[in-house]
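In what follows, chain A forms one complex with chain B and a second complex with chain C.
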Partner chain A sequence: MNAIIGTPQPRLDGPAKVTGAARYALDNSRAGMLHAALVLSPVALGRVAAIDDAAVSALPGIRLVMTHRTMPKLEEDKPMQEGGHAHASFRPLESDEIRYHGQPVAVVLADTREQAEYAAGILPVRYEARAGAVAHLPEGAPSEEEVGSLDVGDADAEWEASAVRVTADYEEPAQHHNPIELYGCLAEWDPMGGLTVHVPSQWAGGMRAGIAKSFGLPADKVRVVSPYIGGAFGGKATVLGTTLLACAAAKLAGRPVILQVSRQQGFPTSSFRPAARQHIRLGATAEGKLRAFHYITENQTCRFDNVSFPGGEILARLYDIPGMKIREGLVRTDVNAPGFMRAPAETPAVFAFESAIDEMAVALGMDPVEFRRRNEPAKDPVKGLPWSSRSLLRCYERGAELFGWSQRSHAPRSMTRDGDLIGWGCATAVYPTFISTSSATLRLTSEGRAEVHCSASDIGTGTYTILAQIAADRLGLTPDKVTVRLGDSAFDPANVAGGSTTALASGNAVGKVAEQARAALFQALTEVEEGPFKGMAPASLSLSEGTVRAGNATQSLAEAVSSLPRGKVEATDQWAHPEMPAKQSKMLWRAGSPQGGPDMQSFTALAFGAQFVEVRINPRTRTIRVPRMVGVYAGGKILNPRTAHSQLMGGMVWGLSNALLEASEVDRNHASFVNADMAEYHIAVNADIPALDVEMLEERDDKIGPIGAKGLGEIGITGTAPALANAIFHATGIRVRKLPLRIEDILS
Partner chain B sequence: MQPFAYHRASSLEDALRHGAMEGASYLAGGTTLVDLMRIGVMRPDRLIDLRDVAELRGFDTGGETLRFGALASMAEVADDIVLRQDYPALAESLLLAASAQLRNMATVGGNLLQRTRCMYFRDTRYQACNKRSPGSGCAALDGVNRQHAVLGGSERCIATMPSDWAVALTAFDAAVEIAGPQGRRTMPIDSFHISYGEHPEAETALRPGEILTAILVPANRAGRTSCYAKVRDRESFAFAISSAAVALRMEGGRVAEARIALGGLSTTPWRATAAEALLRGRSLDESSMKEAAARAMDGADPRPGNAFKVELGRRTVEDALLRAARRAEEGDAA
Partner chain C sequence: MSEAHHPAAAPPRAVPPAPDGDWPIATLTLRVNGQAHRLAMDTRTTLLDALRDHLGLTGAKPGCNQGACGACTVLIDGKRMNACLTLAVATQGQEITTIEGLAEGEALHPMQQAFIDHDAFQCGYCTPGQIISAVACIREGHAGSAEEIREFMSGNLCRCGAYPNIVKAVQDVAAKGGA
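Then we have the complex of A and B:
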């Protein structure tokens, strides 16, 4: 049989998605269901003084107006970073207090969505506003809370001794995920007090725990169902306030409630990538050996939670630098809680650092690829541990070859084509290999099929397909003989689909239970009276092409399973890396999110890549276009080159969008995100995306777990923005240190 | 969305009769109006759907006057071979706008009536918008105003007119044909869009109940060497940060006729007549182009968020002039 793992398999969920058979959360409906619409506060700070619900309650179809006065009381839940499952500890309608612009202050329930939206639009609400709200990262604002600190060697002495020095400040704006599938849910209480929530979810098990906690229910009274997700990117990892509102409204109304949060209303009610600022100092010898790295940051958070994404400890793994000093801090602002967004710590950090590395290469007069080669670390500079595997330089070599980097004329403004300015830039892409744990169940059926159950989510990444491949590989089946069911809290616990952990953790869990099921099958077959394998040694049996064999005896898998007393074989187990402490891995069963890495006990693991880009700039209007991009990555074992390619390509597409287009603009008078729709919050369109070449190098990694696959979900986005900024410098001689990189930054 | 009555008009007379009622609004492609109704910015009591009104359809680019029925779709007009060859600026202004799906739905008449993209206008959570609620103020003046106008604004409003098509039409002295309860009239396009002044809520010269029925463009040989330059962050599906429609007629290496109109920079389509005059009789070189481009932006009144648009506007004019000049050379060579 041909290898299944490592071959380009089409997405098993593809046909259902393109034919519309796949049922997303908001595709569901129930008899007697009510439609919810939100009323959002136009003030950022203050309180709700009065709501005249009588003014709309007589309108056609209106069934209920829920305000802070009528909202059922919720139990507290902590934000995910503090061990809970909430998006934010402060949740709307728990009191009359308003803490950010666009905070929900009322929910209107009606027979139709149009009726609910109309009433929500005219509901008279009187606000008492307080001045002084701030939603942007104020210029020069000092850190209010240190969330990351790392010292390697004597960074100050190394800086003093450096012959060449670069000092630069970088800045990134807030950004919103804007998945195609809007936020929302269908909440349904049953007569026994149980609650089922259909909600797009990266973590069915975590959301179940969070919703149960909030409503004071045992976890088994709540079920979260989310088989398909129309884009998540980190925004659908936690229990949003709006989800709780829909559940609460359904409880109050005694009927199922569906809430679809509009695009505009999704901005203030969901999480977002917080604004960030980095102050960098790099010191090097005249020969291009890095000596010192100082990294001071301020990241935006809200008033009520410490949401932090320190990226410094990842940057510290990129190059061999003897002196490093990293201090990362938070600045509080009057916004809803920020949250995870694809490579949350790494995306801004890598933009800043890889820009600074390019600035240093320029200062040294050195080819930026050669500069990186001279600073390649033999082992983890922070912990001194060996790398589980590391192929950064190979990525650069192959990328340079694919791109034609040797043709680069290194002086800024030295390349043109048809009158346009041409710039070539490169940057490192990196993402830590977080090693999580997962459980799974595998059942062999009397039809000769395998069924895999796991509560992990496929957020469009290909999880359905790779888990089927792994099960098929272990069981000698073709992937179409494997049914994978995911995204339901009733299934076996798994980690959040975050941190690029699912392929490795749930993949190993499925591999483990598949092997156990196979062993159990073999054992049982040797005990079947008058069966063909009766009395044989279980180890002498094999399973391939849907057939059990031993010596001359054969039996189809379907017949073999049918012959067993129970008519099925089932295995359930958890996989955890041997270096994960048992105390940590057990947290999986309490809806925790156990995660090790990048440094484990005996090794440090990260995935690396190299990106090369070309920019083409109109010499007059300074319009920035990107004719081509090359990304070469090494991510351990590539389970499915087809879905992995999409992951990496999608990451680079977003990387371009992140670099050139995306910013949630803050109106300082209202402390609001003002460009709250797809017309004004620009994401890249097809026409922006160039010839995009993605290649994956072979990389063997025996340390991270049996399937040896590093997560690829997030690395693609890192590196694109600095590569583009570096290319723009090369084209124009202008260094832009603030995202997005815009026309006005290079106009003069 | 506010409940509304719907009437599908069978003829222009029928449409005008229903359109005279209180709270009526005409519906053509729906790509602006329906959006704005969904988000509560426009709240008509009744919609008069014009789609079945036959005389508003079709277009003719063959005669001495090009005539575009108001209901002709952006897509069909942009695909017209005569327009593409003889008036590339007009065709490009349509092709560079919106997306293929929207161009199939949107009409060339409705295009001139589309509402501004000002974010404060389009979000009812912001109370201050003189366009949405006259007298309430303007949140954009000291708000986020990167995309706002540096030309033609007032202390009451600096929202840009978003149409690309209107800008190109302005360069060609187009006119619009209007039918109303009092009969029909025709007016030049540069008086159709109104400078905001005290009343930014009034955007066009249309009176209550009137329908824009057609767009007229006098034939012009300079059309062949015209172009529409559109600057935007995104390659497609974005409104202009700045744009310029330019048409040139060259004689003996000198500019015999120049037509320049600006978009994305102004509250109305902005004809740069002083810049046109400056170029007349001169050769097109770096210095004449730069002078003309600077003149085109005379009177600009920027804010901190859009100060770069004064320089960008100049560069856009230069870019458009260069491209039109290149077309003139290619035409001579052919």
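Then we have the complex of A and C:
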């Protein structure tokens, strides 16, 4: 072992990414490849009455116009939340039916992109539209289906007995991921009936299963390749309908097909964060001890699938509240299926809850940090289990110190600078530590190197680098002697790169196979005739700095591996947490996504952080500026402080963007997302981002697995929006309970 | 039937018909990274698609095809431009530099190295455009302070949120004497 884990190693994929050499899905091309362009429906409900494909078929370069009449019949696939791999169970071109605005109705294939896009633009399509489509979350719409329910104690009695009460409703808009990489793929059928799809994927193995199922193929006939992903954030976890269209068109045309889904077309054809509302009641004693928490939600979904993100069970882990009643529900609307978007359950839930906590602190006349300190739970309030580790209060202490919180004057509108209103706010960040499982293969080569294969994805999170660090640590190598290959369904199965699970699950798998390969190497070396270790006890051998040693005998790793009969050593295995039931863990090998947590059998695991922000508001124009943000997090073992810092920082940037800028605005006349491009759907730009401090506290967690690392991909976003809303209240005295937080909300 | 037009739906029907149903093919010479390439292509081809589809230079990325994200940024006669908004035929006689032409042989350009050193990216997709833009930002004299860099790098979106590290990378290179 050496001290590589925990050091700020530069990204191993860095040189490829800064030189343009990294090959993303749409950077691939094939001889004879056709370019696909989509035609989308301008009506949200109805049917395709007629498509005059003859009008464009004769244009130069046009090879195929695929419509519902010619689309190959697909097998059904379920959405991921119901155990399948599809984004949505309803897929375009399977019939003439139109169920949402922007649903694809035709695919045009041509020799060049210019020809395909031109023809798609003029293809005559006649629609029979039906009125009544609704794409927004209607005001006051009740839940149509309950998807989450939790009771702790007697919430109603605690509420009645509470001396201080807060009742508030919160609301968040639909949002789209908008990774900078466009959606799309290159689909290629081979003469043996196999299909290779280059598609940006958070889950190569899962997408393979979904595509194979849809086309009625055995899984080994399909390969999904995705070594680099240009941003994912949950949007590339499942098989999109557009991916299936490209595969189907390639099958019909008998040629490889590349589909680049335009930015505008990506809005209706991909997944999104659904609009949501929360109704909260909090009750407390006059001394600031929480007693009651009621949480009722409505979450937008589509007509055909129940896509739900109940966040209540996470909120129930934040504070010691004896009475909790949580009911979470869905409202059906005429949209494509919503889906996972960075901290899908937690982002809206934590905004609402941590805003309400601040409202209660104000009602009590108490410092919001002190209020949280008084409600710190000694154990999991839901299950009564011990925490695997919990450092929320340490995060608050350190964050307050970094931020200078002690200088805060708590009354609203009491702080000004250069004529501007200044507001300081804080909020808890939280993300459950979902404990998944993963397999991996590690091979020691005759060059003295280690090769790691795993189908897990590096979506920019640093997976390539941390897996190399873990293998290097176990094998006494430097990370540059380790080759990590990821993002290919041909490799050993891993969980979806979602739920902040990859570092722990695949990290433990790599650590395990590295130890097995080392043990196998030692055993084999003691059996090499005339080798330096012949006849020694395997346990007496060691491996460090690329050299095998035992007593006075030494041999370089390259020579040692070369001396073995097969010239290599290989280990493949799965890591699963001992508290994961075997029935669940074996689903990994059946393209499942098994994960436990936050509560396991003997402990409950979550990562916590504390976020502090300053807002500066012009008293006349009410322009909101954010001069600084501080986030302090405890995430178990930090495997690589450099890449971990970037994940947390990126999460906070997402949080600011979520809080102040992002909304997919709905045109209620056409039931469409109206600001569907990057000029009108605003994400944070460089100039929006202030001084941003991220600090990671030491936290030891021996329960979650040998690597001891809690996921960090999502926690960074969670506390930012409530911290900003709380700071805006502090600056202005106006409580904004609806995202994004805008000038017009604080005019009065 | 609804005739509603929307950016997410089909483009407008008012596209002029191509002459004789066909579109002119231009024969042109593109000078990219110091090399001249004689090419024939549809006159509608953007510089971005010409680089990617005709020359195999896939470092410049499509992100929006409307000049909003900056992932396709290249240098044209030393000025940073959105390759997606530039027609290839309009760049004849001009010198185009892409991310593939930035390094000197095996040695990384200082800005490429600075992006690695400061972890100024995560997924890496916007990175070629950011680096090209950052080089130009310094050459334009717009890297005098963090605030100025933030402003003049705001045409390049980074969805992973690496902005603070991008600013540090640009400051680092500027402090060491430029790009």
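The rule we apply is simple: the second predicted complex is superposed on the first by the 746 of 748 C-alpha atoms of A that agree within 3 Å, B and C clash if a C-alpha of one lies under 4 Å from a C-alpha of the other, contacts with A are read in each partner's own complex, and residues count from 1 in each chain.
By definition in this document, a contact is a pair of C-beta atoms (placed from the backbone, for glycine too) under 8 Å apart; a residue touches a chain by one contact, two chains touch by 3 or more.
Values in this document were obtained by computation on a predicted structure and should not be read as measured data.
Enquirer: By the touch definition at the top of the document, which applies to A:Leu40: first (chain B), second (chain C), both, or neither?
Expert: A:Leu40 sits against chain B and chain C alike.
Enquirer: Output check: A:Asn686 vs chain B and chain C. Expected answer is one of first, second, both, neither. What do you get?
Expert: In the superposition, A:Asn686 touches chain B and chain C alike.
Enquirer: So which one touches more of the residues on chain A, chain B or chain C?
Expert: Comparing chain B with chain C, the partner touching more chain A residues is C.
Enquirer: Return first, second, both or neither, reflecting whether A:Thr621 touches chain B, chain C, both chains, or no partner chain.
Expert: A:Thr621: touches chain B, not chain C.
Enquirer: Of the two partner chains, chain B (first) and chain C (second), which one does A:Gly121 touch, if any: first, second, both, or neither?
Expert: both
Enquirer: In the overlay, answer first, second, both or neither for which of chain B and chain C A:Pro15 touches.
Expert: second
Enquirer: In the superposed arrangement, which partner chain does A:Leu661 touch: chain B (first), chain C (second), both, or neither?
Expert: The answer is first: A:Leu661 touches chain B but not chain C.
Enquirer: A:Val674 in the overlay: touching chain B, chain C, both, or neither? Say first, second, both or neither.
Expert: both
Enquirer: Going by the contact rule set out at the top, does A:Leu747 touch chain B (first), chain C (second), both, or neither?
Expert: first
Enquirer: Looking at the overlay, what does A:Gln264 touch: chain B (first), chain C (second), both, or neither?
Expert: Once the two structures are laid over each other on A, A:Gln264 reaches both partners.
Enquirer: Quick check on my understanding: which residues of chain A belong to both its chain B contact set and its chain C contact set?
Expert: The answer is residues 40, 42, 101-102, 114, 117-118, 121, 262, 264, 667, 669-670, 672, 674, 676-677, 679, 684-687 of chain A.
Enquirer: Which stretch or stretches of chain A touch chain B in the complex?
Expert: Within the complex, chain A contacts chain B at residues 40, 42, 101-102, 114, 117-118, 121, 262, 264, 618, 620-623, 625, 660-661, 665-670, 672, 674-677, 679-680, 682, 684-688, 740, 742-744, 747-748.
Enquirer: List the residues on chain A that touch chain C in their complex, please.
Expert: It comes out as residues 10-11, 13-24, 26-27, 29, 39-43, 49, 58-60, 101-102, 112-115, 117-118, 120-123, 125-129, 177-182, 228-233, 260, 262-265, 267-268, 459-462, 642-643, 645-647, 649-654, 657, 667, 669-670, 672-674, 676-679, 683-687, 689, 691-692.
Enquirer: Once bound in the complex, which stretches of chain C touch chain A?
Expert: 1-13, 15, 17-18, 21-23, 42, 44-45, 49, 52-53, 56-66, 68-69, 71, 98-100, 102-103, 108, 112-113, 115-117, 119, 121-128, 131, 149-151, 153-167
Enquirer: For chain B, which residues are in contact with chain A within the complex?
Expert: 1-3, 39-40, 117, 119-120, 122-127, 139, 142-144, 146-147, 229, 231-239, 241-242, 308, 311-312, 315-316, 318-319, 322
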